[in-house]
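Chains here go by letter, A, B, C, D, E and F, matching the order in which they are written, and residues are numbered from 1 within each.
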Amino acid sequence: DFDNSLREVKAAFGQAEEELSKYILNGIVDWGPQISKIMDDGKLFTQQVRNSARTPLVSVLLEGPAGSGKTALAAQLAQNSGFPYVKVVSPNKLVGYSEAAKCAAIAKVFDDAYKSPFSCVVVDDIERLLEYVPIGPRFSNVVLQTLLVLFKRIPDKGRKLLILGTTSQKSVLSDMGILDAFDATLKVPNISNPDQADKILGDLQLFTPEDRAFIKTKLIERGTFWIGVKKLIMLAEMARQDEANAVEKFLNHLGGDGF
Amino acid sequence: DFDNSLREVKAAFGQAEEELSKYILNGIVDWGPQISKIMDDGKLFTQQVRNSARTPLVSVLLEGPAGSGKTALAAQLAQNSGFPYVKVVSPNKLVGYSEAAKCAAIAKVFDDAYKSPFSCVVVDDIERLLEYVPIGPRFSNVVLQTLLVLFKRIPDKGRKLLILGTTSQKSVLSDMGILDAFDATLKVPNISNPDQADKILGDLQLFTPEDRAFIKTKLIERGTFWIGVKKLIMLAEMARQDEANAVEKFLNHLGGDGF
Amino acid sequence: DFDNSLREVKAAFGQAEEELSKYILNGIVDWGPQISKIMDDGKLFTQQVRNSARTPLVSVLLEGPAGSGKTALAAQLAQNSGFPYVKVVSPNKLVGYSEAAKCAAIAKVFDDAYKSPFSCVVVDDIERLLEYVPIGPRFSNVVLQTLLVLFKRIPDKGRKLLILGTTSQKSVLSDMGILDAFDATLKVPNISNPDQADKILGDLQLFTPEDRAFIKTKLIERGTFWIGVKKLIMLAEMARQDEANAVEKFLNHLGGDGF
Amino acid sequence: DFDNSLREVKAAFGQAEEELSKYILNGIVDWGPQISKIMDDGKLFTQQVRNSARTPLVSVLLEGPAGSGKTALAAQLAQNSGFPYVKVVSPNKLVGYSEAAKCAAIAKVFDDAYKSPFSCVVVDDIERLLEYVPIGPRFSNVVLQTLLVLFKRIPDKGRKLLILGTTSQKSVLSDMGILDAFDATLKVPNISNPDQADKILGDLQLFTPEDRAFIKTKLIERGTFWIGVKKLIMLAEMARQDEANAVEKFLNHLGGDGF
Amino acid sequence: DFDNSLREVKAAFGQAEEELSKYILNGIVDWGPQISKIMDDGKLFTQQVRNSARTPLVSVLLEGPAGSGKTALAAQLAQNSGFPYVKVVSPNKLVGYSEAAKCAAIAKVFDDAYKSPFSCVVVDDIERLLEYVPIGPRFSNVVLQTLLVLFKRIPDKGRKLLILGTTSQKSVLSDMGILDAFDATLKVPNISNPDQADKILGDLQLFTPEDRAFIKTKLIERGTFWIGVKKLIMLAEMARQDEANAVEKFLNHLGGDGF
Amino acid sequence: DFDNSLREVKAAFGQAEEELSKYILNGIVDWGPQISKIMDDGKLFTQQVRNSARTPLVSVLLEGPAGSGKTALAAQLAQNSGFPYVKVVSPNKLVGYSEAAKCAAIAKVFDDAYKSPFSCVVVDDIERLLEYVPIGPRFSNVVLQTLLVLFKRIPDKGRKLLILGTTSQKSVLSDMGILDAFDATLKVPNISNPDQADKILGDLQLFTPEDRAFIKTKLIERGTFWIGVKKLIMLAEMARQDEANAVEKFLNHLGGDGF
């Protein structure tokens, strides 16, 4: 059994690296101090898990608007931890699972984590894992109860665990009592000023320097906006298809106008 | 396994063409600039899927009133994409399926899509897939959660996917959070003026030129109306059965009077 | 398989005729122009299904108060169609079926219909098929979704289908979105004046001419009433058991008094 | 199969007689004209089923307050019908049945009834068959739908059926649409004056003539009361246990005082 | 079969005696006329079941506040009946049973009871059998319907049955229609004056005569209180653990203060 | 069977000690008289179970805010009892169990307890066992009913049982009727003044004496706060990771500021 579990753990390592990179498709652009702050705090939590005997379990929630980059940041923190066992619990992998099967799969990830001296589990898109829908509201109480217990269950002596959750429905999670189960919360913000947008468009080479300069001027004229990094990249790519009107289309999209 | 999946994919091609044509029973009449606009935008999204490495998944929703031609337009866009894998997820094929079986069938279509370098999946009549009924309201949360995940799940490296959804219940989908899962929305309008109606009746040869001229005059007298292309064709065909009174019956139907 | 389906279809023909007659126990009395209008309109729809390539599916709803004769009229129209495949989907045959089994049985009828070049399916007492009850309200969403899809599903090329639905709960069906799924609606009225009642009592020989004359005089004195043809026949038969007081009892019943 | 069904039917006869008597434990006391009226009307309905070809199905509901004697009266009418097939559908026999099994058992009784030329089915305590409880309210929609169909399903040619239902929850049945499914309703009243009570106490020899005379005087002093025949018999029997104070206890009970 | 059922019945006797005593752990202290009244009334009901042919089924409900002694009193009455078949239906024995299994177990007890000429069934803690919880409210309708039928089902000729129910939720049972199913109700009161408390403390030797005298004086000073006999015994036992302060602690507890 | 159960019991002993220690990860710091009071009261209850024949079952609820130390205190009391059978029922061990399986597991613990002359069962985090969530609210009525019965079920003669429950949702448990099922309630408080905090930081050596002195001064300036011992330890450990700013970070955390 021990040999088996060891083999499992080893196999998991390889997968982990590859899998994590899938969630960081366009890298992490350092578009402002908020991003560095999240990376720094994340590092301290990793450290605490490594060092503190009094708190063998530390759980942190990354919350912010849709498309703000929560999943990519959590994946990056997990990768940086350097822990031997790193795993992502994602609704992507649980399509078509029954509630019970979902719980079993989630519990399996944690049970495997408890076998490694240092582990990091990313629990992505918690509202989706919970099958939450605001009409009703409805959600899977079975999954909710499983998460509520797992987020607080202390590993056996000699085992340490870091849990990184993500959500864009902070108030819903609060109503369900999940927020209280986390030891700390990190806020992931949207992009809200021309400099931040420009940094991203530049780093990802989505427009020529001239176009970017033009865009920036226009954005400054407009004043504030509020958009996630993920949506920003999507809008830029869409606009670029219509080569003749790319810049104009991009500015229309950003303003919320249709196509 | 690879051979198998290849064989499956090939078999799928033939079916796709034939199947798509079923959804465009009366062709696409170009009755106004709105229709050309939809066809053009659709083309740009196809292009983006083909070209952009940053956005391997693009999802677009066609929404409009019942009978406005959403399904036919989505089918036409899918056919025009020229992608090797094209498939329609339609409630028509899922009659009598349990919720779980529905999810499995839907997920299968997407899993197959991920195997082809370029794929287009039409998800038709989303409110019907969701088994939505306004009393309650009730719907299948299992199907909803499956769609919410699939509409956002990025294919593996080297795979590209275009999703075309259709619905006549935009506000319901918005309440459920489905609208946010789409990258863009295209509005499919009803017919609302005599010229548009005349173009359709003419292109489909539903009345003689003289009858059409008479109808047009009457419609201009009446002012605006509001009817989907599908319903318009049905009313014309019904009216024509009573040869003696065809034009009169047609005008009555259009005015909302009984038989 | 083809031979099998042919044999099935043939077997179905014989049954159809016999079965339909069961739903027209007391014939169709032509008690007013409303009845002829329904028969005429029904004929035009049959014609449309036979002739129009643009609309291979036509669906018509007969709606009216309880006991107004909806089922008998739909059965008569189906019989008059002369289509090779005619079938009634009735809650009578589905007692004790689970929701899933009900859907399977309904879908089977439609699947068989798609095999015949011209088919007519009567879907009787839709609110009962839906297991509707106003308390709650409750109903089978599984059956509802099945019907919503089947009422709109276009048969394969070369196949034509006429659907005749019946209901006494028009507003409920409207709330559920079923009404929109029908291409047309025919209103089946109650009997409301002495002439109409007299015609029925006479044609069915429920009273002697003298008694009928007396009844008519009394009804004219009273003014309007509102009763279905089915209930009228039942009341007459009940009253006739008490030979001595038959006419008096009948008038009491019609007035809503007890026994 | 025919032989089998014949054997079943024969076996059913014997049981029927014995079973019916169980529901008339204390006979039918003719305590007022209301009782004779119910017996007479019942006779006419039996006659109608026997004679009328136009109405092979007649369904009658006996409704009245708890303990008013509904079940005993329905059982008596069924016995008087003299029909070859008589059966009681009672919740007593369905304890512990699942909803589906209940429906199957009920449907079986009706299916057997359709095999006999003349049948009478008593459907006792409909609210209990429906598992009705006012909190919620809750009830078995599966059983409800089964009854709604069976109460209206016309037997095959040459078969006649009389249905006698009982309930103490008329308004609930009305809300559920069951009342409309019955062709007629008979009201079973409570006892409300001293003469009626005296008749029952006398016929059943529950008190000596002297005690009865005393009771009557006291009841006349008091004015009206309102009690079912079943409860009246129970109270008399309870009171009689305390021989010394029997009359006094009986009067107290009737007045609603405790023990 | 007969031999079997006899053997079962005999085996049941032995168990009954032993089981009943478990529910009367601290005997029945005759602390006031209310207790004697309950015992006397119970005797009359036993007599009625033994003697009356007109009422072979008598059902009585003992209702009162939590801990007032309902179960012990019902068990004592059952034991005093001297009937050959005596059984307790208690939630204690049904832990972990599904709703269906609960119903089967309850029905089994009644079916066995119908085999004995005279039987007494105690149905303890009806709200717990019903799995009642005020939030919602929720309860098992399956169990409720089973009880509603069993409480009214008359045994076969020659069999007599006494049903003793207990509950501390009279109004809930009334809302559910259970109260109406009982022929009579006995109210079990709490203890409310110093004499009653003193009688219990004395009979059960919970304090020395001196302590009791002191306690009584203090209670008289305080005025009325309201506590069940079961709770009173528990408080006395708790207080006695702290030998030094027993009397003081007891008085504090009774006053509702903490520990 | 007896040998088997003995062997089971023995095996359970070893596990118990080890398991209990897991719930007291950071010991029990005696930070104020409230803690001693809980320990003393707990001792008296243990004594009562050991001595009183009249009350073989005593059940006590420890309730207080999240992280106040309820579980650790209950585990300590259980360990101090010295009873041969001690067991913790915890949601931690029931992840992924169905409601029925949960009930079976809980009932098993109690059934085992009834086999030992003296037993102590800790029922930890009752709201989690109940799968409680305030939205709805939802909870497992099956588990609730199981607990309601088990908390009141008296063991067989010669067996004694102490039940220690914990919860941070007292009012919810009260609404569900669980509170009434307990014989007594112990309140576990949060830490609210600088002395108490200082005692804990000192005993657990979380800061140097100098840092602690500084912290205390600052806390005195601030006035009251309100925090559980568990959260206090977590905040201290987090703050200590950032060695340079440990004290400052700790004070920020305590004040409710982010990171």
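Definition applied: a residue touches a chain if its C-beta (ideal position, glycine included) is under 8 Å from a C-beta of that chain, and two chains touch if they have at least 3 such contacts.
Predicted model, so just to flag it, every value in this text is computed and none were measured.
K.L.:
Both subunit B and subunit E are touched by which chains?
P.N.:
none
K.L.:
For the copies subunit B and subunit C, give the interface type as same if over half of its residue numbers appear on both sides, and as different if under half do.
P.N.:
Answer different: the two copies use largely distinct residue numbers here.
K.L.:
As a quick test, compute the distance in whole Å between the mean CA positions of subunit A and subunit F.
P.N.:
34
K.L.:
Where the CA atoms of subunit A average out and where those of subunit D average out, how many Å apart are those spots?
P.N.:
Centres of subunit A and subunit D (C-alpha means) sit 67 Å apart.
K.L.:
CA centre of subunit B versus CA centre of subunit F: separation in Å?
P.N.:
58
K.L.:
Where in subunit B do residues touch two or more of the other chains?
P.N.:
Residue numbers touching two or more other chains: none in subunit B.
K.L.:
Enumerate the ring members one after another: first subunit D, then subunit E, then the rest in ring order.
P.N.:
Sequence of chains in the ring starting at subunit D, next subunit E: D, E, F, A, B, C.
K.L.:
Applying the document's contact rule, which stretches of subunit F touch subunit E when the two form their complex?
P.N.:
41, 44-45, 47-48, 51-52, 54-55, 58, 100, 103-104, 107, 137, 139, 141-142, 144-146, 148-150, 153-154, 156, 175-177, 180, 183-187
K.L.:
Would you tell me which residues of subunit F are touching subunit A in their complex?
P.N.:
The touching residues are 22, 25-26, 66, 91-92, 94-96, 98, 128, 131, 133-135, 138, 204, 206, 233-234, 237-238, 240-242, 258-259.
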